[in-house]
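Below are structures written as structure tokens.
Both complexes shown next keep chain A, but they swap its partner, so chain B is in the first and chain C is in the second.
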Partner chain A sequence: MTSVVQRFSKRTLVIGQITLVLVVAIAIALIPIVDERSFNLQRITFFLLWYAILASSWNMIGGYAGQISFGHAAFLGMGAYATGILWSQLKWDPLVSIPVAGLVAALYAVMVGVPTLRLRGPYFAIATIGVGEATRLLAVNFDDIFGVTLTHGVTGLALPNYDPVTVHYATVLVFVLVMLTTMWIRAGRFGLGLFAINMDRDAAETAGVPTARLQVVALAISAFFAASAGGLYAARQQFLDPASMFGFDKSIALVLMPVVGGLGTVWGPVFGAVLYSTVQDQISSLVRNPYLPALIYGVLLVVIVIFEPLGIAGLLGRGTKYARALLMPKDGEP
Partner chain B sequence: MTAGEPILVGRAVSRRFGGLVAVNAVDLEVREGEIFGLIGPNGAGKTTLFRLLSGVYGPSSGSITLRGKEIGGRPAHAVNAMGIATTHQIVRPFAEMPVEKNVLVGVVYGRSRLRGRAADAEVDRLLELTELAPDRATLGRSLTLARRKRLEVARAVATRPDVLLLDEVAAGLNPTESARMVELIRKIRASGVTIVMVEHVMKAIMSLSDRIMVMDLGRKIALGKPAEIANDPVVIKAYLGERAVAS
Partner chain C sequence: MRLIEALISALMVAGLYATMSYGLALIYGVMKIINLANAGSMMLASFTTFFLWVTFGLDPLAAVVIVAPLFFVVGALIEVFLVRRVADEKPVTSLLLLFGVLLVMQAGASFFLGGDVRSVRPVYIQEVIHIGDVTLAYNRIVVFVAGVLILVALELFLRSTYLGRAIRALAQDRDACRLAGIDVRRVSMIAFGLGTALAGAAGALLTAVFPFDPSNPYGVLQLKSFTIIVLGGLESIPGVAGAAFVLAAAENLTVTLSKPQLENLVSFVLLVVVLVAMPGGIASLIRRRLA
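Then we have the complex of A and B:
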């Protein structure tokens, strides 16, 4: 048997993957306990996990099923605003509002997914740009359209204070959940179907794969987690504005992280998120030029994609066979 | 082999693309357990008819039933779930998946309802049947044409169809490979699967088919046993022209 993955049993790989997630999660969860005043480190790790959650959620539909969404900020923003509104208007604790917001976004994903996922390749991508922009404009003009005061339009939505340490733990929890979900999808029947769609939708369909249903479900799960990330942001930052939550630049960032990290792999989006948030946060604080981080990121993106189509996961996976099997199993393999 | 009851029945099936009538009021009746051949010159509408039978296209008019249940207009995966599987004329393996995963897709999404180890065991069985076991870890894109054709068959059979549609699975193969494909088709029929096949390789279709239907310009022009078809003036005319019949 020549296949690399076959040399390690599926069980060993699953245990390895889960251990890796738990080690990362526990290490980050310990930060506020070890040092209560580690505010800066808490902020850095929050955004690290936050981007990892977003990138992994995008990867479920973009990386696995190959349906490139340029409008994922719609789900992020919807989750943020739904959490913010439930919390400020109905006084629902964010820990309750976040999953509710996730479900709202998942429902929205089904609504927009049923018509758009019939489109293929570039047509789907273009349609998602439309969905993203339409959703942003809805958030901006919501109050005027419906004659209520909910989103406060371009002024933004200020929210009551909330304990950042609670948000820290909630973020760790959502990160663990998104990682377990993305592994579960990839290892099983669902993921196999998504990869089949990715490679040849018509052939998948005639082999019995209900392609429309699988894609809509994947988009809904993806939207749920993207919206949860939005909710976490609302609880931590306590201020939302449409430009930053629904912005097209956010949608682009969500595409680029998994691409740089390793499209369709479990860990690629996490690596991409680490790189993105490092460049974004650390380099921004080192240099004064506001455009330099974007430039550095752009150069890195081009270089990585030229040398390794599977991104950072692919580069790291070259090290050892086990690392390869763990980090970048071939498409459709566990 | 004695053919059984009609299993796949088309009544006045038509498919139009704009002004072009690709399939024009075709009646067909495939009987359980038989190998039903479909031939005709290029552009006769064979592949379009196949796509109607497999649910890739819906018919513009007419009805297609499998064991009395209407399949016309249902999506392809639902038609597959009812018991019709198809191969693709232009082979379409999942390029970045190893052969075994290609077949696994058919097993876990087909009618077998097998999961886990039982599904893996079924993949092993199918790879043995189609002689693809040595290539199980090879990616779909790295296979030779002959093996891609076998993979098409393996993936379709994996869904446990009652009726298997084979679209030119012997085309482009050398005589040895073609003979092995004929053997494989016999084995699949022997396992109880009804087969409808489109083929340009006359040796293959003449030796395999119980009955052959001939199409030309979207219409059915003849139906009969291979020997009858080979001597039918209408068929000769469609293939070779008027003068060939006269001489």
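Then we have the complex of A and C:
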């Protein structure tokens, strides 16, 4: 009897979550149709979804598997530049080049992940700091080193125009895809393996979990979506420079959003993204000092790690039983 | 000739590299925690040195004597109030916590002190010494000597005092230490304090060589110190000094023989090569050969 109830409630939970994603997606997709001239709202929702995609992608490796990446901007920037270069040089439509860029970044992730994720300890986290910095330096100096004009160094890469409404729909689509993927990982065997690694790698290995392989696959999927977000940015902003795409502040944002929202939860990264993009938008107009946001994020990070490891999702999940089931599956034990 | 000059110049920088990486290795060895706030402590120490120099005209080298104990206290406080709370959690937690501390330090310094580039210019900054055909900058020699003295003092402390031996014992086996009656919490606090004091000393020494602002050159130096401790073996403290020299030499040769833009790529390439080829660092490679 209890198992029937449990299964029923689990199924409603899954359907409920998918419905929630689709409702949000459709609502945002309708914006350009309802009001063609809602440029500001379109910009705000674009960045909201954009940050949500990035945060969720980071969460797949950082939250689920517990392997913190401090250099995720490398994948973001790589996706942006690959899309930009394919679009400006080879005239590939961004809608075609974005998945290609995603695959390129996933390949790069495998190259980084295979040597670092098979080791125990903090090697991956350390290596990602290097990956982030090295990839930025490569983007800055690529033209000098190889003698081919490709990234235009610090001057940045100006791209041909592209229809922002198409990008808007593409962003909604990628958002739905990333949410479905993150839920699928969370619910299935793959995610269970990642959580097992996160809790106790030795025990997971003894139980027959292919720990290194699962982590590399998770990183590749994560890099794919982060790069897709980069490609969307390239198609929308039509200008790329290494400082904004590969900058360490982007990597910081990618760590912050999922941690503040709720590490290892499905909805946490989305909450984190909403908070981050709102703060980013509001603070810069309220306070002149450009360093205040970073200071607030730092304090927030310390407070959350010490007092509420599940972040906003953990706080909201305390409210009601339903919220708890939705936000903190498996009783808040990631 | 250029080659010899590059190598000697590398040796000079290696003193600074070793000092800053030693702190990281010490804390990792004892607590199995990567102190991401290391760069932040260095930066704050540089600013402290800068203000000591501006207000009292104190030389950066003399400032080490004040700054290092000060940052011992800073490190001990961070351990007691923050790191200790997450000591039993997953390693991810302490990594994120110290990343938060780093953000607070960097953003706080930029917020309150501004993002301008500062430099300390003692009178001897322009002077050079000629040894045969080799020309050496005086300030680099001074920083090197200071770095070596600090490391020798630390090594003596770790080898010959009870506390030093307790720290080394803790790095080997935490549970055995408890059985032997070592106050693990107190020794952890001291180790974290010592590591931070080393970062402080490195930050003070750095001002005599490089100009600085709240984020530069600390981000790059942080990456370099990671490369050094991975290369030297995460827990092998003598390996760190050798690794510091290897990295500094590799960088110097790259700049001398190839393009200066590649300097900071070297540490990353070295990091990946080491991780792929010899995950335990040079020390484990040597140990394997000897065994």
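FYI, the second predicted complex is superposed on the first by the 298 of 334 C-alpha atoms of A that agree within 3 Å, B and C clash if a C-alpha of one lies under 4 Å from a C-alpha of the other, contacts with A are read in each partner's own complex, and residues count from 1 in each chain.
Note that a contact is a pair of C-beta atoms (placed from the backbone, for glycine too) under 8 Å apart; a residue touches a chain by one contact, two chains touch by 3 or more.
For clarity, every value in this text was computed on a predicted model and none was experimentally measured.
Legend: residue contacts after superposition of the two complexes on their common chain; A:233 is shown touching neither chain B nor chain C.
In the superposition on chain A, A:125 contacts chain C only, with no contact to chain B.
Once the two complexes are overlaid on the shared chain, A:196 sits against chain B while remaining clear of chain C. Once the two complexes are overlaid on the shared chain, A:204 sits against chain B while remaining clear of chain C. When the two complexes are superposed, the chain touching more residues of chain A, out of chain B and chain C, is C. With both structures placed on the common chain, the touch criterion links A:267 to neither chain B nor chain C. When the two structures are aligned on the shared chain, A:145 is found in touch with chain C, with no touch to chain B. In the superposed model, A:134 makes contact with chain C only, not with chain B.
Of the two partner chains placed by the overlay, only chain C lies in contact with A:298; chain B stays clear of it. In the superposition on chain A, A:46 makes contact with neither chain B nor chain C. Shared contact residues of chain A, touching chain B in one structure and chain C in the other: 199. Taken together, the chain C residues at the contact with chain A in this complex read 32, 34, 82, 85-86, 89-93, 95-97, 99-108, 110-111, 115, 219-220, 222-223, 226-227, 230, 234, 259, 261-262, 264-265, 267-269, 271-272, 275-276, 279. Per the touch definition, chain A reaches chain B in the complex via residues 1-3, 6, 189, 192-193, 195-196, 199-200, 202-212, 330-333.
Per the touch definition, chain A reaches chain C in the complex via residues 62, 66-68, 70, 112, 115-116, 119, 121-123, 125-127, 129-131, 133-134, 137-138, 140-141, 144-145, 198-199, 248, 252, 255, 259, 263, 289, 291-295, 297-302, 305-306, 309. Residues 54-56, 75-78, 80-81, 85-86, 88, 92-98, 101, 104-106, 108-111, 115, 136-137, 139-140, 155-156, 158-159 of chain B are the ones that touch chain A when the two sit in their complex.
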